[in-house]
Structures are given as structure tokens and as C-alpha cells.
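First chain written, first letter: the chains are A, B, C and D, and each begins at residue 1.
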Amino acid sequence: MGLLRYTTYRFAQAIPVLIGISILTFVLANLTPGDPVRLMLQGVEADQEMIEQIEAQYGLDRPLYERYLDYMAGLVQGDMGHSFHRNRSVSELIASRIGPTLLLVLSAYAFALATSIPLGIIAAKRRNEPFDHVSRIVALIGVSTPSFWIGIMLILIFAVQLGWLPSAGLVYPWWSPETYGHDGYVEHFVETIRHLLLPMIALGTLQMATLMRVERTQMIESLQGEYVKLARAYGVPERTILRKHAFQVAQLPIITIVGLNLSTALGGAVLTEFVFNINGLGRLFYDAIVQLDYQVIMGITMIIATMFVIGVIITDIAYAYIDPRVTYGEAE
Amino acid sequence: MSSEPLLRVENLKTQFFTDTGTVRAVDGISFEVYEGEIVGLVGESGAGKSVASMSLLRLVENPGEIVGGEVTYKGETIFGLEEGPDGELRKRDDMLSNEEMRDRIRGNEIAVIFQDPMESLNPVFTVGGQLREFIELNRDLSREKAREEAVDMLREVGIPDPEERYEEYPHQFSGGMRQRVLIAMALACEPNLIIADEPTTALDVTVEGQIIDLVDDLQEKYGTSFIWVTHDLGVVAEICDRVNVMYLGEIVEQAPIDELFYDTKHPYTDALLDSIPRPDRTVGELDPIEGVMPEAISPPSGCRFHPRCPDAREVCRRVHPENRVVDTTESAEPHRAACVKHDAFDVGYDESPPLEKEPQVTSEPDADTEAGVTGPGPGPGPGTGTGTGTGPGSSGGGGEGSE
Amino acid sequence: MAVGETQVESGAEPATKETETGWRNTLRKIKQDTTARWGLYVITIVLAITAYTLIDGNLSRLTFGAVSDFTMAETLPIFEHPERLPPPGEAETNLPPAFHADGTMSHPLGTDPNGRDYFTRIVYGAQVSVSVGIAATFLGLLGGTIIGAVAGYYGGWVDDVLMRAIETVYAIPPLILIIVFTVFVSGGSPDVMYAIVGVGIAFIPVFARIIRSEVLSVREMDYIEAARAAGVKDRDIILRHVIPNSFAPVLVYATLQIGVTILIVAGISFLGFGAQPPTPDWGEMLNTSHGYMHSNVWLSIWPGLAIMITIMGFNLFGDGLQDALDPRINE
Amino acid sequence: MVRQSLQPTRRRVLASGAAVSAAAIAGCIGEDGGDGDGNGDDVADISEFQYDREEPDDGDRSDSLEFLQPAERDEDFDPVVSFDSYSMQVANLVFDGLYEWDDQLELEPKIADGMPEEEDDGETYIFEIQEGIEFHNGDEVTASDVAHSFTAPVEEETQNAATYGMIESAEAIDDYSLEVNLEFPYGPFTLSTMAVPVVPEEVRTEDREAFNTDPIGSGPFQFADFQAGEYVELERWDDYWDDPQPYVADIRFEAAPDDANRIAQVLAGDTDVIDTVPATEWDEVEGADGVRIHGSRSPSYMYLAFNCNEGETTDPDVRRAVGHSFSMREFVNEHLGPAADPLESPVPPITNESGNWDFPMDEWEGMMPEYDPDQAEQLLADAGVPDDWEPRIIAPEGGPREALAERIGSRLTEIGYGADVQGMSFATLVDTYNTGNVDDYEMYLLGWTGGPDPDVYYYNLFHESQEGVAQGHFYEGQGEFHDNILNARESADQEERRELYISVTEEILEYLPVLPAYTEHNTMAAREEVKDLHAHPSVSYNPRIVSDYQNTWIDE
């Protein structure tokens, strides 16, 4: 199978999973013991006629499977339903909130990769030396500390106490500088980074620590590989071995981990956005949960799961592209 | 064979410093390699052959370290120690620096063929790319030149369609083909010496034969010297000129190939020979060596082979024999062996009572022995490692309880 | 497999092959390994505290009812009642820790906004935080083992259906899945029990996958063939042969997963969807103390540290276990 | 149509106003604290967070202000439609009211020219409006615009319909006068209803949806920029008809629902003003350099209601026992400090004062159950409450009401019972608190925000027509309880209404279907550079940038 066919194949394979997710969220959402109409009305006085009207409007008087099929039909056309609480279409809500979440998650990843890989390599190279010990302890703390707690501490130290960085919100690079009263794109860019820094570290620390541990292990293993011994025996400089021979092989598992950890990062975004007051999907999810705005909850769950599945597919393809041994997984 | 050897190894010692004690993987070996000859380094797994060969390139990995001896290649010192002003051993000034080793010796003077062709090639780079990289590096060729050379070399080692296969990845090659690639790699760098570390062990017998024939041919053509590391005396018999037999970090017998096979001087070599099929004997006579080789972390006292030796006597437990000339061949080459039963030793072997057959020394050391071994520590220097070794108690119940 | 397909030899996966040396050797290696030893110390202390607080809390709960007497807590002079409020007018609220100028030694970590001793609450917080972590992981392990074993053993369409279902669950990030589950199933009144079940479900996929791949390799072993040929029932083969032989790597993973679980449950409680006040739980305490983030930062620091140290313990131990079982990275 | 208030976030918020003297307020403030169980003395009064006027030297008019709201807006800026306080915070700067409340919740004419003329015993009112007032598009404000503002909510069945539901008709007599007819003499009309924001009929009816997110009013600020879910930016309208002209050139509204984060932003100087300082962080904010708290009393009313429909709490003695079992004052002082005052009646003090009701508040305070655990125990024992009684108390999750529920629970535990305290998300709570089912709750904690007219509280929270809608205690009442509430509502005679309310209140305090808890103040925290900012009792009037008692500016 060629890479293109493999890509198509992987996306096709994801379809049943996405359908499964839609069933799962739909069933979960309809487990709500409360009467959805009452929830929609949120205490507003309503007579029987009004209730029936709402039920008919949202099709709540029909059997579950029919409603599910309707929901699916809508999904296919990009219609994810309607937010009772916000009186807007769910698709529209999600579209307006997905940007900040992507910005946050991607920058957290950028931070994690930019720090974990060099640190992991150096630690592997200097195995059991002080640098290794310190970086292992840092990584251990990183995987053991709740991201939201890191966020809280970062806000207290760097925003409130030292006043170096903003305590909340993001500056969206896709908006014009005038929106924020910035003088030109340089300030706009600087402000974007300044606002991103703390939430990115809060969300990225766990990723950094995880990747650093994997990177270190992989590099150690790779450096013990026969091909490294061979390269050394042929006088390849240590630097080249580290950067090319050992590195390239060690990165393969990292690619997989990056994809799989997207799950943690997307979940963590809920907490990070909450702590840093970022208007992303995570905050929308939290609000929707509190308000039991169930079409929004379903929509976000679908979108986040889809993002995860796509992320995994992308990393799988990247893996297949980089590792010549992968036979594009016809069978297990 | 010229008078000046290409490579001279004298009293080389390489040790591993682990949590559980010091492992004397190579414990004072000496041998020479002359231009154009194939020298065998034979022994069971764990005898220290591979460590010895990697020591020649100063590629011993942590926690291992070369702690003593001298390695000279073409008159240049690859490794050598001298005594400093305060009595400490330090590296000699004329010893090649790490950079010199890397740039001048490894690859372009001494190349290596590793044991495991499946693992030795980097799985994520093309075969040709790896070959080209080494050629480029060691022969100062341009990229294009190196590529041409690589393709030629692939053809030379018998890989069909070398142009196409150049672009393929190692997993697309069979084991034998990969080994050919490794041989191509070694030869392409045009070294004077190739260390072949069990190059055929991982291959099946027919492929092994082809590879050996290939090496034989190529060696003749290029005149490269080889150190052929193997546990298989059969292979040695086929291609080697001279042989060193290693046991537990030491060379126990050293002789030209014919003398070794037909005038064996060490019981261990005897035992090895008995354990392999030979054209002059029937399979029924095959005789495996008794017991398992002890770990180098706690070698038995006296002669290290004595717990497994059919000829062992009481004296063997006490006296540690170094490798001595016990005979001279017709071509005036010495035949060395480290066994006290030869007259050259004169430590009273004949009078000594034989040791009774004993339960084998197991390879699993118990905690007590480990503790005892760490005693001598890393203190290197000539003399310490040999002699009576690690002293009483080190070989545990094996020898002493036996009497 | 749609998700994580090319995960061929991932380093994050636990050791998948146990060396022939067995459990005794593993234990010996753990004892030799400094990190693992430290992990063992921390876990032992944390588990001892958890056991103590669980027994104290639940025994007295059974005997006396809800927010009732933590009997042992009150007989030990270092503790106060973890849930009960001080009498009206006597509450010393929001005291800083003892080393602070305004602190007192009788409240080493200070007091909470209700005037309860924070040290006691941190200690008793282990009863929920840690036991939830363990219980939820165990639930996931149980479910994952059953599903993974069945899928791997039977193969065919059973495998297909189960694995698709597993992938579906796996595709939803655990935190999201657990919150949705907890809030919807509880009908909007979340509690920690729902969270346990939610976490259990969310973690079924990871365990199921490991068990399944182990089973796939064990299934081909001769003794399984032999058992099958001898007419042993499938269920017995799975229970007696397949699962026990697949278990070692899963156990390592479970140990590491306990840390992850505690982390996730803390996040859920922090958002208010887990343990509810006045139950002392570290995540819940962080939720409450978030409202005092600026006026009394200690209220946020202590539970965070407690979570961190506990998870570090499990991670250290898991790492040690992994090193001991994984032949790939040895000295 | 009625909406419950969880925090005083919903607009329903203000309902009315009449004249009240400053002296009456001062008197009332003086009475605060100093009694109860001794904890109250050191609690600062909210009046300490009101400041004198601060005038700038230079009158620079280029200041920008950022205001952080404590909850997300619904993004409805058309006052006819808008039903949430935080959209209305924006809208109130864009629109002028016919009348507006001053800082003591007294109504004063804005667009109206003086007080209305009352006819037909309070069934008809004639309004005169000022000439020459222009909307931002240059059209003049006419009587028909005002009439439209009164009738549109009912005609279009918006969520505000209930507020104007008693209006039969509103018609312009000429360009500057109009007549409003009521279906019945509606007591709260002159205290609250006539504070209607005036919208331009023509522009609005052209495209209502567009108007809702790009409104045009006659207020001091006009819409400049808006991103749903992110921010609203207003800029000064330089042709504003009234004095004073604002110093502030533009205002940006953003939301920061997480308290800790909102406070971090003002402490770190990332924003200028934040709405709502939670009691938990009060001291820290108060003590912080460069930040001032601004506060005002508000007509908010938090209460504990008992299920009088099912379960043990149907017995008044059980309810009284619960009242005796804990100390509300202690709780309020400890948990809320200067951010709230304990309540002794179903109307907050500011309602009493601004509406000039002169209710016997002292007497009512004496009727409230004192903290007396022994008596509570006795009452419960006498009432035959089983020993394992663990009433279910529900409250909005996180925040003082949940803490109060916990507090009651642990006090009940101390006298040998227990409690099943359940914090709920508001959405769940709304679905639960008015079922009357004992399995759902035996007590609940909620709140309501009204204004200068007590009807908002009594009618919505006690009248039987609101059973299962806005109230879930299902209290049946003795004698004419419900009639009295309705009669007071449908009367324009304030003295008559006062008597009715006193009788209703006394019954409430005696039978305790509801235990008044506390009133939360309206607070803001601002950087010290923000000058002449005054907190308003109505949530939706904050930040009131310009008025005849303030003109906010920034001291650079």
C-alpha cells in the first residue's frame, strides 16, 4: 500500500470510531434523569402547550433511535444542534471557540517538544551524571503535578507577584492588532506570545515531562544499538551519531506518543482554560456541563474526539512515512 | 609475513565496573597481527573476545574501561599507559587522541564487521546511504564518488542489482545480504585491518559458507588483515592463519592453525575441538565441554579452567599459569599455552594429586562471592590481575568444598 | 485498529516481556534500584495513611452515620476531626501554617476557611484521593482484563466488535469522558462514586489493549494448544492460563496508571464534579481553596503537594518495576 | 414568566424606586453589627467602600477603561429582549431610561420631564419627555419610541414580558407626551416599572436581530466593536445630550467567570475594574497595593426555604428548630464579612429605605430564631423527628450558599441528627428545587434580586401562584396570606400595601416557610488610578460611568 492509499485507508477506518463516539455521547446525554424540556426552560414558567411545543420542536417526543438518526443526519451536514442556554447553533459556538483551544494545545506541544527532546537527548547522553539526575527529577515532578495547579502557581508568581506576564486570556494572532489596540504586528506578536506563555507551560509541562522520559529511554536504548556501535567503529563523530543515527530511530516512538498524548492535552485544556480564563472549547465544555446544555456537550465531545482521532491518524501517517519498516498495517 | 606486526597487543586489560563488582572481561592478553593474515580469536560466549576486539578500537562502552596494557598499530600507540610522577598510571603522551582515533583509525585503518547483521544496520536509513556515509567519511570522497564506490562495492560483495538495492532499507534485505553489506562497508573504507566479530554466527550454515568464501576471496584480492572473532573452530579452521584461544578474559593457547588443531597444548582447546564436528571424526565422538563458564566477575582461583578441566590437579587450583611458549613450530613460530602440565612451567603438576570431579561451578554467583570480589577493586597495573587472582573464597563452594 | 495503529515498539508501553527470572528477581532488582526503593517508601507511607483513614472514616461512618466521628482522629492528639466544624465563635479560620509568623504549632499546616485543622484534612484527604485512584484503576483493570482476554482469545468478529467499542471509548479524552459520564449519569449531582466508575470505564481501553496483545501471544503457546486439545473449557483456559500469563506487564502499567488516575480525579474534583464537601479530598480541597487563591495560598499549596508526592511515589515505583521487568534497558 | 436568581446575575434585578431620604439610610447603617454573638463588631461595613467625589485637574478625555464581568453575557443588547444583568451592564450605557435609579435606588427622571401624572387611581399615567434628545443615529427621541419600549416586551413575548405584563396600552399623545394604561392599579409601577430603557422604534423594528447585537440608543456611549463570547467595546458618543459629558473615551467589557482569575487580573494590573469581589478574597483585595474596593448595598436577598409540602419540615417547629440550630450571623460574618449583611426579613434594608416603606425592621429582627442548639434539640425531639433524620439540603454549587448548607448540616450533626448536603449546578437545581418532593430536598438555598418594591419578593417567592415555579416551599399560609400578597400587588395605595406586607412578613417569621439569610452587596475592585467610580446598588447599572454624582476618569 502506498502512503496515499494508507492515508485514505486510515481515515476510512476512523469512520466507525466516529460513529461509535456519536452513539456513545448521544446515549450518555440522554441518560439525564432530568426532563430536558424543564432543563431548557431553566425555571421559566411554562404551560403544557408550551412544553409540548418545545418537545415537538426538538423532537423529544420521538423514540431515541429516531432522534439519533436525525442527529446523525444533522452532523453529516455540519449541524450539531442548538444550544438551549445560549440560543445559538452548536456548530457556530464551536467554530468560534476552537481557535483558542488549538492555539493553546499546539503551542503547549511546541513547548513540550522544543524542551523535552534536547533535554531527553542530553540526559541520555550523560546518563547517570548530575544533568541526568536533575532532568529526571524535573520530569518526575512534571508527570506528577496537576496541570491546573501548576497554572495557579504560575499565575500567582509570574502575574500577580512579579507582574511579568498577563494572568489571563489569549491574544489571537488571527485578529487584527487594532482589535487589541496594539501598534502594529510586532507588538501584536509579542503580546500573543506573552499571553500564551503561562497557559502553554501549565498545559505543556505534563507533555514535556512525559516526552522527556520517553526520549531519554529511547535515546539510551538507541545509543546501545548495534548500528550506533557500527557508526562509532567507522569513525562517525559522536555529534552526528547523536543527531542522526541514534536520534532518528529514537524519534519513532515519540511520534506515536505525541499522537496518543493529544488525549491528555485536550482534556487538560479544559482545566487550563478554566484557570486562565481562555474562551476555548474547554471553557465552553465546562459551562455547558454546569448548565447541562446537552447538545453543546455532545458537540464538543464529538469535536474533541474527532480532533484526537485526526491527531492520531496524522502521527500514524508521519510514523509510516518516517519508518520504512511499517507495512501500512493491513492486519495486526 | 614481515617482521614488524601491523598490530601488537600487549597485556591488554579491560574491566567493567558494575554495582555488583569489577568484571575483568579482558585480563592481560597479548597477540600480534601481521599484514595480510587472518588471526582467529576463539572462545565461548563471555570469554571476552568481543570486548577485546572493541578495546582495539578504544570503543569499550560504559561502565567498561581499558585499564592496562598496550596496543600499537603501525607503530602508533592506540593505547598505552605510563607511570606518572606520583606513581599513578596515566595515559602516555604519544597515545592517539580521541579525535585521531575517530578520524584516522576507525573505519579507514581498522574497520569492523559486527555479529548481528539484522541489528547493525540502521533501520531508518537506506542501505546505500549508510554505506555512502562511511565511505565519504573515511575516504574523503565527494558524495557522488562515494555513491559510485558504494554501488561498486555492493556489486563486489555479490549483491545483485546494486543500483536498485542501494535505495532499499535494511529490512528489505535477507540476513546474508545484510552481512554482505557490512562486509562491503568494511572493505569500501579500504582499511588495513578488519575486525570481524562473529560475522557469520547469526547466519544459517549455507549462507555462512558463502560469506566465508567471499571473505576469503576478497582478502586475497585486497590483502587486508583480519581478526576473526568466533566461537566456532570450524570456521577458524577454514580461514585463519593463526589462532588465539580465549577463556575467561585470558588467552590460553596461541598457535598457527595447523599446530592448534593437530598439536593442541591446552585442555580447553582440546575440549573445544571435541565439541565440534570435524571431518576426521564421527559425530558420535562429539563431546560437549562440561559445565558452564564462570562469570568473569569471580574467576576461579589458580587456572581459571580448572573446575571444568579433565586434567586438573591440585596445583591447578593454586597456580595461575600465564601464557608461555611451550613449543616451536617448524616455521619457527612459537606455540604458546597457559597450562601448567607443560614442562615450561615446572610447578609440580605431575606430583600434584588430581582433583575429583565436582559439581560444576554455576554461573550464578551468590551474594557472598560478589562482596568478596569487589575487594581488589579497579586497581589496575601489571601483575595485580594475574597471579593468584581473587584469593580464597572467591570461587565459593565449587573448588574448595570439593576435596 | 484505527487508533494508535503503528504503535509498534512504543517506549511508553510497559515492558511487554517478562524475563525468565521471575518475581523474586524482580523484587531483588527493585530493592537494588534507588528510585524504585524511594517509590516503595512513599507508596508504603501513603497507603498506610490511606488504610488508616479509610478504616477510621468508614468504621465510624458505619457505626455512627454520615458526617460522624472519626473516632481515631480524635484520640490522637495530632489530629482534629477532619469534617466537623469548630463550635460557633471559636473558629480560627484561615490560619497560616505554623512556620508563618501568624501560625500556631497546634495547626501545623494552618486551618481552612471553616476553622478546621488543615493537617488533619490533608492526611484524611488520602482516604478519598488515593483509594479512588486505586479503586478506579482496579475497575479499569478488571474491565480491561475481561474484555481484552475475551477479544484476544476468541479473535474473529468478537475481537472486531470489542476492539471497535474500545477504540470509541479511547477516542474521547478521559477527563471529558469522565465528566460527561459523571454529570449525566448522576443527573447533575456528581459525586466521587460516579467518578470512580467513570474513570474505570475510561481506562478499560488501555488495559484491554495490553491484555489483548499479551493474550494473542500467549494463545499461540503450546500449553494452551495442549489444554484445548485436552478439552478444557474456554473459560477455564482464559482464567487459569491466559490471564495469569499475561498479567505481569499489565501490573506495571496499572501501577503507573494509579498516578494518572489520581491526577485526573484531582482535576475532576477541582472542577467540582468529583468529591463534594465536606469530604476531605485533595482535588476538592483545591476546588474550595481556589476561591482563596489570593488571600490564603497555603490552602492551595498543601493539597497540590500532597497530590504531587503521592503520584511521584507511584511513578517512581512504576519506573522501578518497569526497569526490573524490561530487559531492553539494562546496564 | 419568572426567572430565578442564582447570583444576582439575572436582570429582574431592579424593580423600582421612590424617594427615600439620605438620613434614613445613614440611620440604618448605624444599626448594623454590634449584636448577635459578638463576631460582628470587627466586620467592616460596606459604606466604608464608598468614596467621595474625585474630580480631575485637567479633564483629559482620552481614557480607556476595561471592565471585567463575573459571568458571560448572553449577548442580548436590546433591552426589550435582554434578560441578563451583564448584557444590561453594556446596554445601560448605550440606552437612557425614561427614569433611572440613583445610587440610593431612588428613581429620577432621565428622558422623562419630571414625575408622571397619575390618573384613575393608578390605572393611568401621563408622561412628558424632554425635547431635543437624539439617538446615536441622529433621530430625535419621541413619545412613540417610549411607548414602543413599554409595549414591545409583551407584544413580542420576550422574556421581559412579565415585567410589563400589567400594561394595557401605551400611546403617544404627541411627540413629547404619552399615556400608559394599566390593567389594574399596579403597586410597583412607579417604583420600578417606569425605569424602562428607551429604544428607537423605527431602527429597532426594521431588523430586530441586527439591533440586538448592534444597538442604537440615546445614552452616553455607542457600540464600537463586538465579538460574541469575547468582548464588547463602546466608545463615547460625542453628541450626548445630557451633562456631564463622560471623560472616558472607550470601555471594553470582557468576562472572567473564575473569581480567582478575575481577581488575579486586577491585582496584576491586567485590567482596570472587575465586577464582584468574592468575600473569600476580600481582605486580600482590600489590602492590595493599587487596588480599591467599591461597594454598595443591593436589593439582593438570599434565603433558606423549607419543604412545607412533604417530610419533617412540614412541621413549623422543625423549621424553627433548624433556625435555632445554627447562627446565621456567625456564618455571614465569618464567610462573607463585609461582602454581605445578615437579613432579618424577606425584604432587604435597601428596599425598605428606597421605597420609603418604614417597615418595623427591628421588631422583625426580634422575631428571628436565635442560635440556641438546646432549644433546637428540644424542638426536634418534641416534634417526634426520628433520630436518624438527615434532611437533604440543596444549594448552588460552590460559593457561600453551599457553605451555608454545609454549616447547617454540621450543626445539625452536632445535635444528633445529620444532613445530606448537595451542591448542584444551577441547571440541575432549577430542575429540582420546586418539585415539592421530599426525596429531592427538605431545604434549599437560593436567592432573588428585587428593587425598591417588596412585591418582587413577596409575590414571586411566597404567592401560591408561584408554587412549583419560583418557589418550592409550597407554604399554604394561614388565613388570608396569599390574598394579602395579591391585594398588595394590585394596589397603588402605599399605606394599604405597607399594612398588608407587615402582616404577611409577621406570618412568615412566625411560621418560617423561609428563613431569610443575607443580602449580598454589589462590589467592584478597581485599580487606584480609576477615579470617581461609584458602585451602584443595581448590578446592571455598574459600571455607571457618568451620572449627576460621578464622572469616572483615569489618573494616568
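We adopt the following convention: a contact is a pair of C-beta atoms (placed from the backbone, for glycine too) under 8 Å apart; a residue touches a chain by one contact, two chains touch by 3 or more.
Remember, predicted model here, so these are calculated numbers, not experimental data.
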Farthest chain relative to subunit C (centres taken as mean CA coordinates): B
Taking each chain's centre as the average of its Cα atoms, which chain lies closest to the overall Cα centroid? A
Using CA atom averages as chain centres, what separation in Å is found between subunit A and subunit B? 53
Subunit A and subunit C: spacing of chain centres that average the CA atoms, whole Å: 23
Taking each chain's centre as the mean of its CA atoms, subunit A sits from subunit D at a distance in Å of 40
Please tell me the distance, in whole Å, between the geometric centres of subunit B and subunit D computed from their C-alpha atoms. 91
For subunit D, write out the residues touching at least two other chains, lowest number first. 258, 260, 264, 267, 397, 425, 427-428, 431
Where in subunit C do residues touch two or more of the other chains? 183, 187-188, 290, 293-294
Where does subunit A touch two or more other chains at once, residue-wise? 34, 152, 156, 160, 224, 252, 274, 289, 292, 323, 325
For the complex, which residues does subunit A have touching subunit D? 34-35, 38-39, 42-45, 85-88, 93, 96-97, 152, 155-156, 159-160, 163, 166-169, 179, 181, 274-277, 279, 287, 289-293
Contacts from subunit C onto subunit D in the complex sit at residues 65-68, 83-85, 88-89, 91, 93, 113-114, 183, 187-189, 272, 276-278, 287, 290-295
Subunit A-touching residues of subunit B, taken from the complex the two chains share: 54, 57, 59, 61-62, 101-103, 105-108, 111-112, 114, 116, 119-125, 133-134, 137-138, 169, 171, 182, 185, 189
Residues of subunit A touching subunit C in their complex? 10, 13-14, 16-18, 20-21, 23-25, 28-29, 31-34, 140-141, 143-149, 152-153, 156, 160, 210, 214, 217-218, 220-221, 224, 252-253, 256-257, 259-260, 263-264, 266-268, 270-271, 274, 285-286, 289, 292, 294, 297, 300-301, 304-305, 308-309, 312, 316, 319-320, 323, 325-326, 329, 332
In the complex formed with subunit C, which residues of subunit D make contact? 37-39, 258-260, 263-264, 267, 278, 280-285, 326-327, 330, 334-335, 371, 388, 390, 397-399, 402-403, 406-407, 409-411, 413-414, 418-425, 427-428, 431
